[in-house]
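Order as written gives the chain letters A, B, C and D; numbering starts at 1 within each chain.
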Amino acid sequence: MELAAKKKAESTKDKRKKLVDATMRRHGHASHALIETLHSVQEVYGYLDDDALHYVAQELRVPLSKVYGVATFYHFFTLKPQGEHTCVICTGTACYIKGVPAILHAIKENYNVDAGDTSDDGKLSVLTARCIGSCGLAPAVVLDGEVTGKLEPDTLIERIGSMIKNDA
Amino acid sequence: MTHEEFIQLGEEQRKKNEQYKHSIDVCVAAACVSMQSDKIKKSIEDEVKKKELGTSCRIRGVGCMGLCAEGPLINIDNGKSLYCNVKEEDAQEIVSAIDKEPVERLKLSADVPFFNRQLKIALEDSCNVDTESLDDYLAQDGYEALFDVLTKMSPGEALQEVVKSGLRGRGGGGYPTGLKWSTVQIAVTDKKYVICNADEGDPGAFMDRAMLESNPHKILEGMAIAGYVVGADQGYIYIRAEYPLAIKRLRNAIKQAERKNLLGNNILGTPFNFGIEIRLGAGAFVCGEETALIASIEGQRGSPRPRPPYPAESGLWEESTLINNVETFANIVPIMKKGGEWFASIGTEKSKGTKVFALAGSIKNTGLIEVPMGISLRDVVFDIGGGILEGRKFKAVQTGGPSGGCIPESHLDMPIDYESLITIGSMMGSGGMIVIDDSSCMVDVAKFFMDFCQSESCGKCVPCRVGTAQMHTILEKITNGSAGMHDFQLLEELCDIVKNTSLCGLGQSAANPILSTIKFFREEYLSHIHDKHCPAGVCKIKKEEEVIS
Amino acid sequence: MTKLKLATVWLDGCSGCHMSFLDLDEKIIEIAEKFDIVYSPLVDMKEYPEDVDVVLVEGAVSSDEDYEKILKIRKRSKAIIAFGDCAITANVPSMRNRFKVDEVLKRGFIETNTDNGVIPNKNIPLLRERAVPVYEIVDVEIFLQGCPPSADLIYYALSELAEGRIPDVKERAKFG
Amino acid sequence: MSKVRIKTLKIDDRDVGAREDQTILEVARDNGIHIPTLCQLDGLTNLGGCRLCLVEIKGSNKLLPSCVTAVEEGMEVSTNTERLQKHRRSIVELFFTERNHVCAVCVSNNNCELQNLAKQVGMTHVHFPYMYPALSVDATHDRFALDHNRCVLCTRCVRVCDEIEGAHTLDVRGRGIEAYIITDLEQVWGESETCTSCGKCVNVCPTGALFEKNKSVAEMKKQTKFLPYLTMMRGARR
């Protein structure tokens, strides 16, 4: 049993690695494929960890510090694992003037998470995005990939609550 | 694909379309999708199947219809009726009514200023083409312009049409497109590149996204024409990773075009080769700056470098490179089809054609519009935009995003063109237009933009890296009531330094939101400073005694 | 010729600038011919007098006492010279600014104390949130850089003032 | 050998001749005209980041960095106008506010390019608020240390490590005001897998941010003469 589980874990690991390898191969392992490859890593692993950065650096022959410099320059990349659930808050101008500060405040009050962080129990990650283009829904929030909008802070907190509770 | 096959394909599709008695076009651009329009489309399809109307009813997922505020939107029989705020459960009723009277409770009048005062060139067809079908685009003369240019015009002649059109860069700067193209055309380098800048980073702007989601082939076609004119055989689209839907449709469109030999080698049987690849941005506003964008495509940190040399001389991998914004490319096909002179007949003396704007904020008709240059801001906000939300009072309209400024009531009659907006301390920008009402504090708005600039500054040059942080700190002090006039003077001084000494456009224009709010709303600043009072009641000002201790 | 009234003040600094002042050696006689030293840690005078012409202020403004003092000094003096780097940049005293006052006191009086240390709370001036340069509190006319400013620089500046000229120290002084 | 064309231009009202591949800064220096610089260092690629070498060009309202701007025929350059002086002073002040620079206790006191610049541009005091960021010192390397409090982010160390030593151990992390120098994947310097301990980064550092560990206040002297020499010996273009 244990062996089978291990094997299965190994094969997912391989599968993920294959996806990253495919991206690099598509670009001929050229050093300029760094950002494309990091996108691929983040897509399959959820974040960029040191092992992955090492691997990419070696495969694309890009210096470690440069890989790190690029990975930290772009805010889309994250070096930390994300929580089980994500709440992305749009901070575009339209959303801002329609009450983003109050929303961030309410989340901080209820879950003690700042934008860009994950709650201590690993349940909730709060992220911000520079305009998701749903200005008509301002203030817009993306809960586990679903865009919702025109929410009062209280309603949002409720929605987050039920989102987290659902898998308990 | 030969020309004959190409013509035939279009014909076939047109014939197929004519078989249908009815059409149901569901908007599947991001704003409507976020209101479940994709599910609504599915329900309608199920409903049509159930009622066995499949042969008489054509259902398409089309691009942005503009009025996002009333989404999801559905267009029945090419404008016969327009449904708004549709829900999944309305599907049955909509399908049942297809041969009868329209569903009154969902109906939206198309004869309103929002629709009839617009002029669509870049967005033409955007709500009338299946977002995922090349055939549908071909049925509407898609890639016809590319074919004509390739077979009937020399690169020089095609360039002349762009020059004649007077088209200027729609990314914000307003640099004459024809001049840019001709610089790349005459440049002598081993290879040349065409880049489409789709790194739409302005908070509150979604024009490029909507165009790419709605009619990606039109952009590809425009880029290919550009490639032919300047002599490039490789194009890149640099697009924000935050736009998954647009990326998906672009990828799909590129694949379709490659399969039909509309991209690739010997396009349409001519000697012209042109391929397009997608490169994803990764959340850096500064990459909208062309040299930073190039660095990013090269896999580097997105730091700009000093210009000259301009990308036209030395760009991607030090080769001559043409960079234009999505909307600029969207205008190319119409210009090639109808001629540069036709385009130049629209707009004002120095700003030709139309401009797409994303209307948002405290305005009734939030959404995407395209208007002729020279229209007044007042017409856009109060006529097309439908005015301010109930119970609020207009205060300002913000254009140009973090590089632009806030325009007050007194300047609303000003015509929209590149020069006028600059004279009053704002700029055209890429087309975000945020309407601000009396419940917003202008100092707080300036702080919002400075927070943005500070966190988007790449850090390479000192004035921008430190100056934006300093300005943000001072605005923080003003909004919490701990600033004096001395801080206000420092703020003005910092604006001057950052504007004049920063390396790239981000820094050089970062002070604009502050300068324009100081210019038009000075009393709001002074009220925070002298009276420790925020007139809009937004800022939490410390009590007097707390300030001193 | 009436002599100018000169004061020297020591706020949050190490007194090095005053030591440098003493390094004027025999030149101090020349200075004494042009100035009356009316207030200084070097002379016995309790209250800062009115109508001081020139005052050399050493040190940053770190405590409530410093703060009160500098306000009074500004009121009673024609020209303030920020005397040395602490007065100009807050220098070494400012190195505590990235910490909270509580943390600084705890570190200074408890953590680094081998006996049972206590944080004194009586009869000592309260530290302000930050040690700041003098100009952040009051206007300053002249800046004399250096840690400490050299005796020559002090001599030059005072001589120029005595002649009714504003000393131009740019070429002569440096920080540190 | 291909012919190099000569351009004539005016710098501060003086007629000067230049090779067409020269920058304004190079020509100015050849002619004994001093333009302040900080990120620029002979032997490394130019960055244009510190903005101190900005000059005015007649006919343009834009200030251009002389270290990367090529000469042009008939160009009229001013290197020291009142406007430039004012901006330079402000920029040096911004450097001082950004991190925690305390000359009095710095290893590079009396041998620091930032300290010298303050004097050169006539900075009597810093009139912008100090930011007092909380920054660390990495003293894990056997011989060298990196004090982020004194770093001006000129990236000379990054460039010398990449372009001359070829190790690229150093780079910049993050962006904007939160950027700072890192080694490899931000492990401490002492645990770097790629550092060759050559010490070039220490020598090119204009301030006391990078220094040798046995040095105390005012004892750290940098020497950068090796740079043009190394570049020349490697047959690089410049």
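The rule is short, and it goes like this: a residue touches a chain if its C-beta (ideal position, glycine included) is under 8 Å from a C-beta of that chain, and two chains touch if they have at least 3 such contacts.
Being a predicted model, the structure only gives us computed values, none of them experimental.
> Tally the contacting C-beta pairs at the C-D interface and at the A-D interface, and name the larger one.
Greater number of contacting C-beta pairs: C-D.
> How many angstrom lie between the CA centroids of subunit C and subunit D, rounded to a whole number?
Between these chains, centre-to-centre, one finds 34 Å.
> Hey, how far is the Cα centre of subunit A from the one of subunit C, in Å?
Each chain reduced to its C-alpha mean, subunit A and subunit C end up 53 Å apart.
> Just curious, how far off is subunit C from subunit B if you go by their C-alpha centres, in Å?
Once rounded, the distance between the two centres reads 58 Å.
> Hey, how far is the Cα centre of subunit A from the one of subunit D, in Å?
37
> Of all residues in subunit D, which are in touch with two or more distinct other chains?
Answer for subunit D, listing residues that touch two or more other chains: 127, 129, 172, 174-175.
> Considering subunit A alone, which of its residues make contact with at least two other chains?
Where subunit A meets two or more other chains at a single residue, that happens at 66, 69, 73.
> Kindly provide every pair of chains that touch.
Chain-chain contacts present: A-B, A-D, B-D, C-D.
> Under the touch definition given earlier, write down the residues of subunit B that touch subunit A in their complex.
Contacts found on subunit B: 30-31, 34-35, 68-69, 71, 201-206, 209-210, 241-243, 279-285, 296-302, 358, 360-362, 366-367, 398, 401, 432, 434, 436, 440, 445, 448-449, 452, 455, 458.
> Within their complex, state which residues of subunit A touch subunit D.
For this pair, the touching residues of subunit A are 50, 53-54, 63-69, 72-73.
> For a test of understanding, state which residues of subunit D touch subunit B in their complex under the given definition.
Residues 47-51, 54, 63-65, 68-70, 87, 90-91, 94-95, 97-98, 127-129, 131, 152-153, 172, 174-179 of subunit D touch subunit B in their complex.
> Which residues of subunit D touch subunit C in their complex?
Touch residues, subunit D against subunit C: 96, 100, 102-106, 109-110, 112, 115-116, 118-119, 122, 124-127, 129-130, 132-134, 218.
> Would you mind writing out the residues of subunit A in touch with subunit B in their complex?
30-36, 38-39, 62, 66, 69-70, 73-77, 91-94, 96-98, 129-138, 140, 147-149
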